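Multiple structures follow.
Consider the two complexes below, in which chain A is the common component and chain B and chain C are the respective partners.
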Partner chain A sequence: MRHGVARFVTGFLALPVALYLFYVVWPFAQAAGYSLTNWGGYSDKQEFVGLDNYVRLFSDELIRKAFWHNVFFLVTVPLFTIALALFLAFLLNVGGREDRAGIRGVFGSGLYKVIFFFPQVLSLVVIAVMWQQIYRSDSQGLINGLLMKIGLVEADDPIAFTADPEPFLGVPAVLWWLLFIAVWSGAGFYMVLFSAAMQSIPKDIYEAAILDGAGRFDTFFRITLPLLRDTISVAWVYLGFIALDMYALVFVMTPSQGGPNHASEIFASVLNFTAFQKGQFGYACAMGVALAVFTILLAALQLRITRRERIEY
Partner chain B sequence: MSTVTQPSGELARPGRPALRPAPGRGLVSRGRELSGRVFNGFSHLFLVVWAVMVIYPLLWVVMSAFKDDSEVIREPLSLIPDELHWDNFTRAWGEGHLGAFFLNTLLVLVGSVFLTMLLGSMAAYVLARYEFPGNRLIYYMFLSGLTLPIYLAAVPLFKGVYNMGIVLPLLGPNRHLMLILVYVAWSLSFTVFFMHSFFRTLPDSIAEAAMVDGASHSRLFFSVMLPMSKPGLISIGIFNVLGQWNQWYLPTLLMQSVAGEPKNQVIAQGLIELSVNQGYRSDWSGLFAGVTMAMLPVLIVYIVFQRQVQSGLTAGVSK
Partner chain C sequence: MSVTPEHPADLSRRTLLRRAAAAGLLVTPAVGLLSACAGSEPSRSDDTGAAKSKDNPFGVQDGSAVKVVIFNGGLGDQWAKEDKAVFNAKHAGVTVNMSSTQKIKTEEQPKMATQPSDLVMNSGADMMDISTLVNEGAIEPLDDLLTAPAWDSEGTVADSLLPGTVEDGTFQGKFYVVNVAFTVWGNWYNGALFAKEGWQPPTTFDEFFALAPKIKAKGIAPYVHDAVHGYYPRWALMATIWKSAGRQAVVDIDNLKENAWKADGVLPALQAWEKLVKDKLLLPGNLNHTQSQQAWLDGKAAFIQVGTWLKNEMAATIPPGFEMKLSDYWGLGATDKAPKDVFAGAGEGLVVPSKAPNKAAAKEFLRAVLSKSGSTKFAELTKSLASTKGSGDGVQDTALASANELMRNAPKDLIKTKLFDFYADLDKESQNLAEELMAGRLTAQQFVDKMQAAADKVAKDSSIKKQTRA
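What follows is the complex of A and B.
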């Protein structure tokens, strides 16, 4: 019997573990190793340089820029997405008429949910290519075209969108335009998530509050929001990962994949540029390791901050 | 957190008497009713605005796909094409190679989703229900993959695949089988993590009963445990299908031509190339047609199965 179990366990684990080791663990381990060398990637020549690459990271102007851009997305993507998603979920669930049974969701909330969820099932690449056309800087672009038609934008001075490095509130405009796409595509999904969480809050809590004379705003801010805390913190962590993953948008939509003039560089784009254009694999791997450490610390930190006793209903 | 799929109304405890209207309510709520109505109107207004912001761009892309190039330039904003130019689609399908991209994507996805589900649930099952030395270690090894950025592994991964291709050409760059295995490996983390918590919740008594009846361990898994996990499998299945369909970084990295042979591109990768190449020979309507073809199948599947997709994906987050 005991022997049979051992054979069964090994048999079931062998293939998945082997695949995972070869295609995931081994590359990561190698990357950590290369980060200590000056390997160029195309030759066999590599020397051990210790922590030189890491020291270099700190004085690298481009990396510093990319770092702050990452931080920008890390703060703004979750913040705006969650705020908008909560607002939409609020309207959907308590925006309806008030009657004897309490406050209702709006009419047709099912349809709204289906529509708002659309962008979530589209691939990031489809979204990026689509928005590239919407953001075009001539009258063929959807937004510029509309604005030109109603006379808000002159034909010889269109909005440059992702080709605009001019800072707005201290951050290059191109980043704000990319942020808008991220929020546009994410809000519906988190709205559905929050909506579901709102609906799993037992009705009698609301009934009690309404009996006590609470209006819809009171019930939302004093009951719903505190009870959604868990869901919101999970959403925050996930959106944090998505924010680190804005690379697809940068890759497809910005001039020279991180431009104009490095105004939209993020870690991933600098890493790819360094590895494949400049041919400094060792240095690129050091960036990757730094990014991984940063990600793990961030995830741990977020889980730590948001951990709290769960309320079971 | 796993109750997201349940409809709300029925959640209230059984046996509760129906709510009676608050005493004196008829008197107070005049003013409140009015404000309620205003608020209701505002809600609809805002919701409609956002719905238009979601649908309008999608509709615009689909409709532009039916225009010919001159109309795209002349009347870029109109939502109603002069006539339906189906030839944009045939051109994108043939000359734009979208047909080939679709076929590649399909070939890869069929294999990779099936293998991800099979291997992922096998590993998760063993890790969740059997005690053995190293269990935790292997579980955390899978889990750690969730936090590591894929870009970090790019260079060594490409090198590993390239070297593998010298020994076993079928597993080298630009091969479907290689991409299948890479997708599986990179999807295992989340699949194992998700199914692990699912298998934990299954009752022991059924497993014991099956063992008493003389079922072997693997038979217990395939004919008892796996069918019992169907809801979990559907969730994670949808998650993996969408995730792998959307994958663009791994194919861009790995489906590169090595010996001058044409690239076996998947759809996301192909679209990027199509849009980047626009600068050289602009075929706007063809690009719109390509985006439409990549978009519509998923949207239609979603509309048909929207309940499952919504609950599947949100369960993926809230687990």
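What follows is the complex of A and C.
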């Protein structure tokens, strides 16, 4: 009987696995193959160059810059998104007034959930185009226009947003403005994720804690956070991948796609330029492979670090 | 092989979801990037030609089909549909499959090595790098098109073209790119406004700096430009460099000559722009092309620098009574070596991929595009000159008329830079630096130093194939 089930399941899985192998795994293998050549992308001429492309990666200044920008996102995107999502989820689920009705969220939390989740239903490019209008750097921009009306910004010195390379805390301002969008668009989804996890924490734990005199602060840090550890760790890995991408925002929102003057260059934008503008597909494939290896190592590391015994309840 | 767990209870819903998510997402950021590189094995195809004649110089096969891809940007695609009618009038048996897009590179590059379209208009922000196409042998030399008889006028196709058209399409001694639109660049102003205020459009920066306070006094910013795409300000910078330092200086720059950016006249040209920025004569805000053009149409700025596609691009929002007029880029004055030269050239290039299945029909279609009847329609529809002589003769329009006027008084030598088509690295660097200079974060001196350094780096890099111009 069990063998029959196995055959049944295998039969169903064969086609998707074949499609996956052909359309996902095979292009990966091809890219790895091309990364060892000097293929230009527009012809069938290519020479095998061994690991030259990978050696070149390490001395490429632009790649190094892009790498550090990606690292910036890798640290900040998960940190801020998770912090904000946790804060919102806590308020919506257990942050309400403590009274006889027991533990509950703030007033109107159902509505807030929908509002905060809303960015998630928009495609990233739509979000980028929308934020272009918000960040627009003249009086017609939503933020600039508003600040000009109330006199906080001079009409001849508007906020440049994504065209601003000046460092803030050592990182170009444009990256901070992009970070803001990434956090804004991501927090809603993780808020829902954390909400679901919080709802599965038994209410009596909270009630016991409150009876013992714990305030909101204590219940959050001593009960909610430890019990959400698993979910947060998954979210962290997930957001790490998003941080390594960030391509849509950079491509749509920054001047010269990675500018001004390379201030918002990331792995993906350098790769795009190398492949499609410079016509060095071999080298670009090497970048892609390097990024893939980096991503996998990072994921393995993150899951390893956060692994520990699970609390059953 | 069993893929189901031995003890189903081991696999809780949550762990399954988590594993699936981890496995699926492990590769997410890399998927797009990796698969972007993937291609597939190339295949060959042969032209099976029909008999060649004066009316069919390339031997187009009756009953064949030709796939034409048009860039649907500032010029639209209606003109190409008119050309299709012109083509089919002579070759009714040939099916033209025409499509239009703004994503030329995204859609056409993956097909170039295997199954390309027959004729591709390589234009717009998403165009395929032309020097790469030439170096890789991905596009077909079209010298036989130039020597073929013209579609509906005397002489050859080459005879019917405006000066500069052949040169603009020539790379490494061969003619590859048929640029269909003849574009003139310069400073645009509203003729009605200038007439009302009694302002004269300046011809030099000094005249502009004298006029600027009067413009400012009316609450109008003297100048605006696209600050998001670096190649917009770069046109203006290079035009001023050419006028100030002369043709040879720009030729030297294009040929990566030692210290070419330090030649006499280059720095002062850039300093004029630096002064324009430092004196706060630009409309504040980093606007893109359509935003800046709309700001100019709305009367927020007096001058905008852009090419002759402007009229067509903004056709929907031109206010009534607005008189679009083009004036030449400004020079520095008496010291200029080439004050009268105009920045113009043939653009919007059509290319025939080397592996195209029906190259004969593609070339024949190009002949139709360059015909008198086709190019007249082009000028009518796009309000932009075609590369074929006399295309704008019958068109009534202030924008086109002022461009015509500018061309009529222009010396034969047209302002032209090749550097950025030759080398992708310098293209990127110059765009970045042009943006920085116009944002006031870079001085003219720094611009020159950084460009020289970047040019030297390319000159020394033996892996980059060098090109030259005369």
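One rule holds in what follows: the second predicted complex is superposed on the first by the 295 of 313 C-alpha atoms of A that agree within 3 Å, B and C clash if a C-alpha of one lies under 4 Å from a C-alpha of the other, contacts with A are read in each partner's own complex, and residues count from 1 in each chain.
In this section, a contact is a pair of C-beta atoms (placed from the backbone, for glycine too) under 8 Å apart; a residue touches a chain by one contact, two chains touch by 3 or more.
Computed from a prediction, not measured in an experiment: that's the story for all the values here.
Novice: For A:P158, select first, second, both or neither according to whether it touches chain B, chain C, the two together, or no partner.
Specialist: second
Novice: Mind working out whether A:P119 is in touch with chain B, chain C, both or neither, as first, second, both or neither?
Specialist: first
Novice: Is A:Q277 touching anything from chain B or chain C once the two structures are fitted on A? First, second, both or neither.
Specialist: Only chain C is touched by A:Q277; chain B is not.
Novice: If you count the residues of chain A that each partner touches, which comes out higher, chain B or chain C?
Specialist: It is B that touches the greater number of chain A residues.
Novice: For A:V252, using the defined touch cut-off, is the partner it touches chain B, chain C, both, or neither? Pick first, second, both or neither.
Specialist: In the superposed model, A:V252 contacts chain B only, not chain C.
Novice: Looking at A:A6, would you say it contacts chain B, chain C, both, or neither? Reply first, second, both or neither.
Specialist: A:A6 contacts both chain B and chain C.
Novice: After superposition on the shared chain, which partner residues are touched by A:K65: those of chain B (first), chain C (second), both, or neither?
Specialist: A:K65 contacts neither chain B nor chain C.
Novice: Could you tell me which stretches of chain A are touched by chain B in one complex and by chain C in the other?
Specialist: On chain A, the residues that contact chain B in one structure and chain C in the other are 5-6, 9, 13, 24, 26-28, 30-31, 34, 41, 139-141, 230, 234, 238, 244-245, 247, 267-268, 271-272, 275, 281, 284-285, 288-289, 291-292, 295-296, 299.
Novice: Looking at the complex, which residues from chain A come into contact with chain C?
Specialist: Touching chain C: residues 2-3, 5-6, 9-10, 13, 24, 26-28, 30-31, 34-35, 40-45, 136-141, 144, 155-158, 160, 163, 165, 230, 234, 237-238, 241-242, 244-245, 247, 255-256, 259-262, 267-268, 271-273, 275-279, 281, 284-285, 287-289, 291-292, 295-296, 299, 303 of chain A.
Novice: Report the residues of chain B in contact with chain A in the complex, numbered from low to high.
Specialist: Contacts found on chain B: 1, 3-9, 11-13, 16, 19, 21-22, 25, 29, 32-33, 36-37, 39-40, 42-44, 46-47, 50-51, 53-55, 57-58, 60-61, 64, 72-73, 76-77, 119-120, 122-123, 125-127, 130, 132, 138, 141-142, 145, 147-149, 151-157, 159-160, 181-182, 184-186, 188-189, 192, 216-218, 221, 242, 245-246, 248-249, 268-269, 271-272, 274-276, 284, 287-288, 291, 294-295, 298-299, 301-303, 306, 309-311, 313-314, 317-318.
Novice: Under the definition above, what is the set of chain C residues touching chain A in their complex?
Specialist: Residue positions touching the partner: 1-4, 18, 21-22, 25-39, 42, 105, 109, 112-113, 128-129, 131-133, 135-138, 227-230, 280, 283-287, 291, 295, 424-425, 427-428, 431-433, 435-436, 439, 441.
Novice: Mind pulling up the chain A residues that touch chain B in the complex?
Specialist: On the chain A side, the touching residues are 4-6, 8-9, 11-13, 15-17, 19-20, 22-28, 30-31, 34, 41, 88, 91-92, 95-98, 100-103, 106-107, 112-126, 128-134, 139-142, 145-146, 149, 184, 187-189, 192-193, 196-197, 199-200, 202-204, 207, 210-211, 215-216, 230-231, 234-235, 238, 244-245, 247-248, 251-252, 267-268, 271-272, 275, 281, 284-285, 288-289, 291-292, 295-296, 299.
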